[in-house]
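Letters A, B, C and D mark the chains in the order given here, with residues in each chain numbered from 1 onward.
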């Protein structure tokens, strides 16, 4: 590895170094503020290192990682989202646990995994990044020292993720058996001209493993249980970083290896997209628990993402990236509000709609912020959500996938109902005694930033679009040359 | 060698079936160790002696011991055994068995269709593996170390209270 | 020794399927973890077979990485089992159903 | 200098944001400074931009603020377009808007919602400016909906009284009916022409479409629907009289001077499109003529001072539609501007009267205010004279005269339109001076409270001045003028050709027009001042009373809609409660509910079942993707 390689990897190295630093600080003295502060500083340093790494890219760092603008963009997105999660976590943990320090260590390790994932260019780094992410999440989900639901959620996640990993690895082994290489770029060259059954079986098993982590129908069933059982900031992390990183990698894998030329697989993904959009929204329809509503809605949103993904062209990269920017910001804000409003008792996991009854009259700013988030999720114009959905439709229309667009429209229509239902509840006249929760300042900061982001760039999206387009460099154009 | 391959395959499959179906957890673990040893021999016949050694040392050794240790700690007695028996009625196996059979059939069909590629097994020894592992895969080793660190920290945090004892939530009156 | 790719893969597919049956049928959480180990091991075997076909070390390296994953996963998984025993007072995975709907 | 254009809508918008976000935390003085100041600065910016516009030879100027997004072929831009037409409209909105804001600073001083009032008013001005300056129909729609929202909020400003809320809702729904048509028309245009930029759109339309063919007729009709709703023309006119429930400055700004004339502006803006749809042009002219007559009759018998003015507004907009319909676009815009002056004046003066009489609206209980409120009287008289087109000295004479002339002389016009306009002019004189006589002349009936202070007096005075001198801008050649306004707009709005031979009878037509308006005024003095017993006699007959009731209720359109549309619809809905229509809707709801329950039932919480689902999914997937 040359110095340039280290420079290119410096954002990831920064995060990994911070993880080690936090571990050492715990060894010296346990202090919540120190651990949290170190984490924030480390993440900021990593974000700053992006600027440093940018001139060095694109570069292939050992066979395992391709650091290009695409990777750096997503690393930046992951780091920013993680920063948001940390800001929401501090207040949450301070009230609930007496040993919060390892939380940050695990969060940083998960972030290293996510960053490695988006830069992965080979099966080994693909799978290690994914497993590092999951391994840290198992412990994070079960982090609270009391209560039954966190353990239940973590065990469910561990068992199913283990099985999904087995599927993923078996699929990788089959592809390796067929092609004799683990590197994405080489696969494109040696792929048989006619699709081979072994190849398709391997790809299918990989997609089952990935599909589980992305929570798309029919591999979605764990989502609401884990979202509900996990501590709210961890749920925010699961819903945003772990899905966004994997989706970005999936797109890279598909385009770089020309896997999209396996027609039956693409057809199958189309059906999965339709099923996710419809089932996700239907499941959320009358759901009384807000965390579960968001979980089901995230299933639907992954369906929308798949619609953009299936355009499998230049527009797909742009649309997926834009949608992910929107999705990560919005879900982070949504679970940030859930975090702020979480109870501290034994029923911390559950968050029924009644917690939001008349919220506007108690805490107008929080309610306004949540309204913006929900409207963005519903795709109302003048929020980023509208543009994101619009992008998806344009990408799908480019491929003339009218069936997918139809399902998207139906799904969005159903979605409108349950988003607005929460909004309506927030503006009802309050009844009975009401407690006002004052969000701690880091959480407030993050919420304000996210709300302004969603509305501001909904009205003036030019900078975001420009940034997204800059994430696509000449090396991504190479992916788009028809393979096989 | 061909005979050994088939023989150890048969042992591995049989031992795994037994491992999955045994009522007593310790019995199951013992059958699993047998299965893992058979798989290690398979590795050897496939020209992977280093992997075979690791299979014995880490899988059959360390990981299984971890299982046994936890089983001992939880002190699963006669009651647990009876419960297992009640759970494992024959009809429990029908659904999963059929499902797995269909999946297996599909996979075997595909595997049989496309992979009649005879090849000469060349032994890839420890030096070759080591050179590759610490050459191009050096960063993978680093990542794997972080995976283990995450596992360690997670297990430490989660196991802490269990070791310290304390009241069991499940026994509290609801 | 001459071998055929399909045979090795067939054995690993068999082991994978048996592991899956165990995952779906067993209610004892420890046995569920065992089943997952079997499935991961089957994937490792498939990698060794594929590596042998191409005469490369990559297959064995993937196996080693899977081994590391399996070790870490078992340690966290068993720690969670201990917590489950403490907080749910049972090892029945079907008892884990507070979260549903 | 032309860059100042962006500030014109931006400043009121900023004012709105500050006032809205402060949530009533500011003191009244600060609110007034922000609310009035933002519009005042917008006026300054408008003057600066206009000066720049002139310096560059009055060439159309486009200012691109930013491209909202750019996905494939869809590239909507936030872009302003300044030409003669939008300059006039911008001037009216900022100028009259500023004066009314100034007036409101005093008029609303005792109101609880002072800050809220100015926030909404600023929002309105910003939206209205976006509407008139928009260079594409999408941005125009944003302004269009913005003014609708502000109008809704301001009609229902005193929401404590449920009647006001109902009036607001009525206005919202009636205009919404037109807006739906408008949006569909927008989609038709985008679908057919591939752009929403107004200039490109008109150019493309003229290149692709044959005059009188289907698409321009359809698009023109749909857009007209929006214009009719906004401008309170038949058959969507019924909301305007009820909209008087809002504070008087709101009536002056939104429901007289600016928003209600947005339809006129829209038609003039898209005149190139309407030139391709002669059938729709004729329809516009007919609607304008009928509306102007019907509402003039209705104005004749109203007893609420604001409702008289509301019906008169409808009538005057009818004139503008008539002008648009016969292709006299610049005449329509000239009347739009002059009308804004004198109608704002009338409303502001009426507001002063209402306030002086402790919120009294009924003209039957007014009278003799000439001596008590001389300033208001003279101002109101000037406004009324302009409204009745009092010859030569008022601006209203010149603007209405131009419309009458064009209605006769244009190839699209004819004697029937001219006659309708002439009768309307006669009626205008009649009802206007009935109002003035009832309110200001005769014996005094009550004591007055507060007189307008200088903040209210200055706007009234300025508007009175404008109502007189405004006419100087466009004195026709017959009276030795240069018709500068028409020439100025000729770049944007082409002058109408004349039918052969009409020049010769121009003096005769003028004489008739002067006669009609003077006749109406004279008759008003005769009937309402000197011989009121005649009116009473007619009213006491059965037929007269019925007619008065009928006109008083605005020709009973409300009853008609209530009876024919609303009740029929409600009855039909009741009858069909269990019928197939509901069954369809219920079916969708039930279906969704069922699917939800079904899927929810799959979420058992059992991890083994979840794993089973993964395995089942894998099986299905293999069948689908591998073995097919």
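Keep this in mind: a residue touches a chain if its C-beta (ideal position, glycine included) is under 8 Å from a C-beta of that chain, and two chains touch if they have at least 3 such contacts.
Note that this is a predicted model, so its numbers are computed, not measured.
The minimal number of chain-to-chain contact steps leading from chain A to chain D is 1.
Across the two candidate interfaces, A-B and C-D, the one carrying more C-beta contacts is A-B. The distance from the centre of chain A to the centre of chain B, each centre being the mean of the chain's C-alpha atoms, comes to 30 Å.
Work out the mean CA point of chain C and of chain D, and you get 73 Å between them. Chain B and chain C have Cα centroids lying 5 Å from one another. Taking each chain's centre as the average of its CA atoms, chain A and chain C sit 26 Å apart.
For chain D, the set of residues touching two or more other chains reads 600, 603, 605, 607, 611-612, 615-616, 618, 622, 626. In chain B, the residues that reach two or more other chains under the touch definition are 95-96, 99-100, 103, 106-107, 110-111, 115, 137, 140, 144, 147, 150-151, 154-155, 158, 161, 169-170.
Of all residues in chain A, those touching 2 or more other chains are 124, 128, 131, 135, 138-139, 142, 146-148, 155-156, 159, 163, 174, 177, 197, 200-201, 224-225, 287, listed in ascending order.
Chain contacts in this assembly form a complete graph, since each chain touches every other chain.
Interface of chain D with chain C (complex): residues 600, 603-608, 611-612, 615.
Those residues of chain D lying in contact with chain B across their complex are 612, 615-616, 618-619, 622-623, 626-627.
Interface residues of chain B, counted against chain D in their complex, comprise 95-96, 99-100, 102-103, 106-107, 109-110. On the side of chain B, the complex with chain C involves touching residues 1-2, 5, 9, 12-13, 16-17, 19-20, 25, 28-29, 32, 35-36, 39, 42-43, 45-48, 50-51, 54-55, 58-59, 62-63, 66-67, 70-71, 73-74, 76, 80, 83-84, 87-88, 92-93, 95-97, 99-101, 103-104, 107-108, 111-112, 115-122, 124, 128-129, 131-133, 137, 140, 144, 147-148, 150-152, 154-155, 158-159, 161-163, 166, 168-171. Across the complex, chain A is touched by residues 5, 9, 12-13, 16, 19-20, 23, 29, 32-33, 36, 39-40, 42-44, 46-47, 49-51, 53-54, 56, 58-59, 61-62, 65-66, 69, 72-73, 76-77, 80-81, 83-84, 87-88, 93, 96-101 of chain C.
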